[in-house]
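Quick notes on the structure that follows.
Lettered A, B, C, D, E and F in written order, each chain numbered from 1.
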């Protein structure tokens, strides 16, 4: 399949020898303005913890960011009284608050309505079709998603495995009108080739792009704090607020342990420009 | 999903830079006493060939070891007269004998009753549910299982791929009561967080823990020999016994080629302490 | 499962330390004569772009090469007027022409009739059964297939993932008569152990065998050109022919960027001799 | 499950003895005004052939009718040059014309985008979820759908079997907010109990309601003629128009053979008021 | 398949001409003593509403009755504050109370742990295996289950369709040791032929056996009342108790409308003695 | 979908009122000569027990009969020493002998290689594709298959349900070239409309065609006896032969109980001429 793609496929032995895909010298993720950016995240916190800094920078520059969340995160509480319906409500509100802090309005958050931990068991063909339709509708300049990549294959838990592969499979399908042709016939959706993928959850060894987030690290920490029910003490006995002082100590700890390069707070990505992610 | 887990997820770039997960200095797998250990193995010989030495040491120290075998190993014979029903019976008896040698009683062997080579096609959601229930029931200190890890992704045949991912997915699910809540409601099974995973079938590059099995290497070889039908001549023309001298020559060969480090017989593991296996 | 295989499984830590599987010094893929070679390819161009040189050499020496193509490649066109039925017809004719150039007759091309991009959603058990039957029928000396291997896990798109695993799973199953025993009972197909696997789409880091294709590089380029609809301008506005001069310029570009080692045109493989691909 | 439903379940032996479910004396399907009516049809002609008369009457009285079409009908042509993509386009245009004649505007036609003959292989859980969401969104007074009923079980071809069961399963699920609760959480969709089901494709023995369509039988015939590609000669050699005189002769034939009762043109339904269709 | 069964299969045209399967004159369901009876029910109320009278009679005579409930009934509430986890707990307690009234101890109630309305989407092969194992373990004289029968095919909602077919498929499989042979090998479960099936949810036309429940109709009504959350007012606003007088009025209404034959309260069954239910 | 079919769909209420589909007065199944007849049977005895007489008559008149057997019948033995592999071999030999008696040569028997009792769990789309290809290849005048019909829905066990629907779904698909178009492209298989279906396993109420088998009833009984392992004593303790006298007594019993009409031995069918089986 696939014309020029096959041409690349002919030569990977040579090209890969150059090491991690070299990104065009001109491309600067965080300098983009007024573009459409789609972010696909397995759960409503992976986006915050991996990308909140970059998202803040992108939001400031007028980019139109839409967040698509595969699952409703309705399982991760140790509170014995918690139920999944209630947790889903809580997680939704927390994600909306985190996005608000980052600069993404509530109407730009889209839930794909799978249950936490169950994405792996979704019908993979239908899931690709669904996300293909989203890509064709929004026609994004950049898709941010979870890296299916080699080092991470090991520990990608359910939801992460499926989300990683699915988004990339949909990017590939979106490019060719003969995939899911009813989308064009019935919904008027034309094919769309995503120019750039920014993949998060990468190892330092595989990251090929680093965004300096010094200016927005406080926003990132605040967004992380918005996920109250994901932290102690709320994760064990659910409550919507914090004890005095806890937030400050937690932020300080996170700040200290946050990823840094050459003295700067950073977020790392593997930038790729093709379905083969080169 | 996942509270403190997400906190780690925030920082993997930093942490992974340290190399293979550093295990707590205090933890010594083979020194454990009177603990519950669950081992999940795709077939009734992977446990012997990878872990029989470590299991012998653990059995000696009074640990309560339960072996869960995903498949019945009913395909691997070149004997043209063999049938699957008969081979399953043979393999069951051989596994019981190997476990006896190692020090694990017959009633601690549990068969999940999948057919050899067919685990990959099991319903993955149901399989996670089943193993989640087992973990919640036994509440083990350590789970031993097959590594889904990166180098091994390549060659993991069917059964191995599924077993590797499934056990870890179940470990993750077992921790949160909102996964498969009927287990708590109907069976009284409370959530359980597995403290330590000891993953076998690892490359030397990824192993981060080595057990010295000098004291029990003979037991390991004897256990390996108990799988008569897996070796020549029985694998080609099934018979329950050996020709004189064959066992000794075979043991000698195995002893010579067995994994060693710094002059000692060892078994290598990747010890991990979280669903992200860090 | 698996007799002597398990013996190897006992020792991988030692063996893998030696690096990529060392192939027997005697084996020379491109020197084989009058043997049966099966090639499994996800699409009708992956074989050309990865192996056309090696196939040309093998065809010259009288080897009986059969090409099995998982999908019909009916999606990869940007031409807005194209339909999948028409594209499948075009791709079939192009593959037949490319094979003719390489020296493989039309009757040796077999289509498994899956649609492009949909192999991933095939029933995996049935797909293994189908390919197992093919292997048992043809009893090949070598199977050429796509590498499921570790570096490539990352970017293997749909069809590639499934094809890679499926062929190896079938090689494993074909060896044991108790897999899919109705093939023996009803079709008289006896088990067959594939002696050698030559895996393509490998990284230079993982390749352990290189075929010098200097003598046939022109054939390879001609075969690549036979896939007219995969290249500009046909991929955007389908036509069966080329503008004058385009083919020559394209060939020149491909020749320049083709994989080379020590001044020779080469095709790289990971040669493996077991289901564990060691 | 099911409260008062269970109460009915207690008594079916008595009630069923009364024969086909007696519909409330007050209910008159064709007299409804300004209500919302949803029609679910497997293909874009089943609605015309079974219900065009009734739909015309309902449209006249200001009811808000939405047609949901499960498949795109892209298989049913004998024309050897036809492709599925082209046939889908033709069938869509024909359905829009037939609906226009009946009085249903184009924007009220919704395509669920399954391929003809493939609905049976859709993921049944996801399909129920999708239609449940539609019902909760539109909150219809009446749902018209295909009868899963006993006599018809025999001959229901694929698509018909699935469509029949799926719509009724979705009607059941729509009533209870705990089915697919993310629809309420994320989309604000409250549960909805469908008051009446009008099931078409029924045998005379099982029909319990007949609509007199004398006043609109001409519209029905005109709508049937709009499906040009479903009739000779177009079905064998596709063309968008008719030979002179053919339409008139065909209409005359249909008129003669159309279902009648006591001298009137009728359409028969099984009216039901519960998931148990009583 | 099937020896004497095939003999019957040879002759059904003759036999069926006799009308509904004639049960042996000697067999009297409600007169059995000290036998094992298994009842399989889709939800924890179908057993009460269909069979509570018969179960009471059987319990009195010392029969060992085990109730297997496919789903946890966690969807059927109109209370907008209800969650599925809470409803499952309530329904479990209500079922235990209803069984207590009928004379079945709590430890004889077994939950198969599917979610309400989701049984239809279970893996059908695995579900048959699970129930086959149960039948082989308990070796019942009679299995009571839901009739898959022809009239009811129409309205059987999800859960009912699957439960009906699954129990009968398992009865068939349980008879032959070559189905799921690991149950015999690993669990020591020998095959078991169920002598009699008593199928509930039948139409009067298809019922061939009626149990007089005059002596226990009060127990049946009391058991029905134990399902508090299935009735008004609790189904709309959940509460564990009743308003004064409501229970009495409800019982009176039920008593009046309960199934009767020749002046007696009855429960109707289709008694069958073979997998072909003849 | 489907032109003239839809025309019929428009009118079923009228037509069905006429009762069981009236077959063309001219058609006489058993008088056909030199035609191709395909028979699809779930197991290798259903054909004998239902159709051996008719098949004998058809074979005598030079019809080209091919028998396609969905499953290998490897479960139905009470012999505790039996294994599935061995039983499959026995059943295959018995079917070949029964067909020989009836007049069908061994090379006309085709096994689809599913395991007994497991057809229900086959991938339904792939199964339709497979049988569609068979129909398009053989282009039969008549397809004999198991009736999915309404009365039989009740008791159709696994394998029977799937076989019944699948064959009819394939007959429908075979007619339209846009179903499974790769069969035409790669295998040169043109669409084929099956003129007549002869459905067995029907109730007397639904049978609309009876074949007088007086002349061949002895052959039918002999063919039935060829299935030795399906009868006592072999079904309980497998042996290839009979005790003296048993066969004669068994034949006498069968003869006495065989289906008769007006003094003649008969086999009943539901003859149908369309996918709607009218």
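The rule is simple: a contact is a pair of C-beta atoms (placed from the backbone, for glycine too) under 8 Å apart; a residue touches a chain by one contact, two chains touch by 3 or more.
Since we're looking at a predicted model, the values are computed, not measured.
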Superimpose the Cα atoms of chain B on the matching ones in chain C and note the rotation angle, 0 to 180, in steps of 5 degrees.
120
If you average the Cα atoms per chain, which one ends up farthest from chain F?
A
Please identify the chain with the largest separation between its CA centroid and the CA centroid of chain D.
B
From the mean C-alpha coordinate of chain E to that of chain F, what's the distance rounded to whole Å?
34
Whole-Å gap between the CA centroids of chain A and chain D
41
The distance between the C-alpha centres of chain A and chain F, rounded to whole Å, is 55
Counting only residues that touch at least two other chains, what does the list for chain D look like?
83-85, 150, 153, 178, 181
Pairs of chains in contact (touch as defined earlier), listed by label:
A-B, A-C, A-D, A-E, B-C, B-E, B-F, C-D, C-F, D-E, D-F, E-F
Tell me, which parts of chain A touch chain D in their complex?
72, 85, 88-89, 92, 111, 113, 115, 122-123, 126, 178, 180-183, 185-186
Interfacial residue positions of chain E with respect to chain F in the complex:
1-7, 9-14, 16-17, 124-125, 128, 147-150, 153, 165, 168-169, 172-173, 176-179, 181, 191, 275-278
Chain E-facing residues of chain A, complex:
83-86
Given the complex with chain A, which residues does chain C contribute to the contact?
42-43, 45-46, 49-50, 71, 73-78, 80, 82-84, 87, 116-118, 120-121, 150-155, 157-159, 161, 201-205, 207, 224, 227, 229-232, 235, 254, 257-260, 268
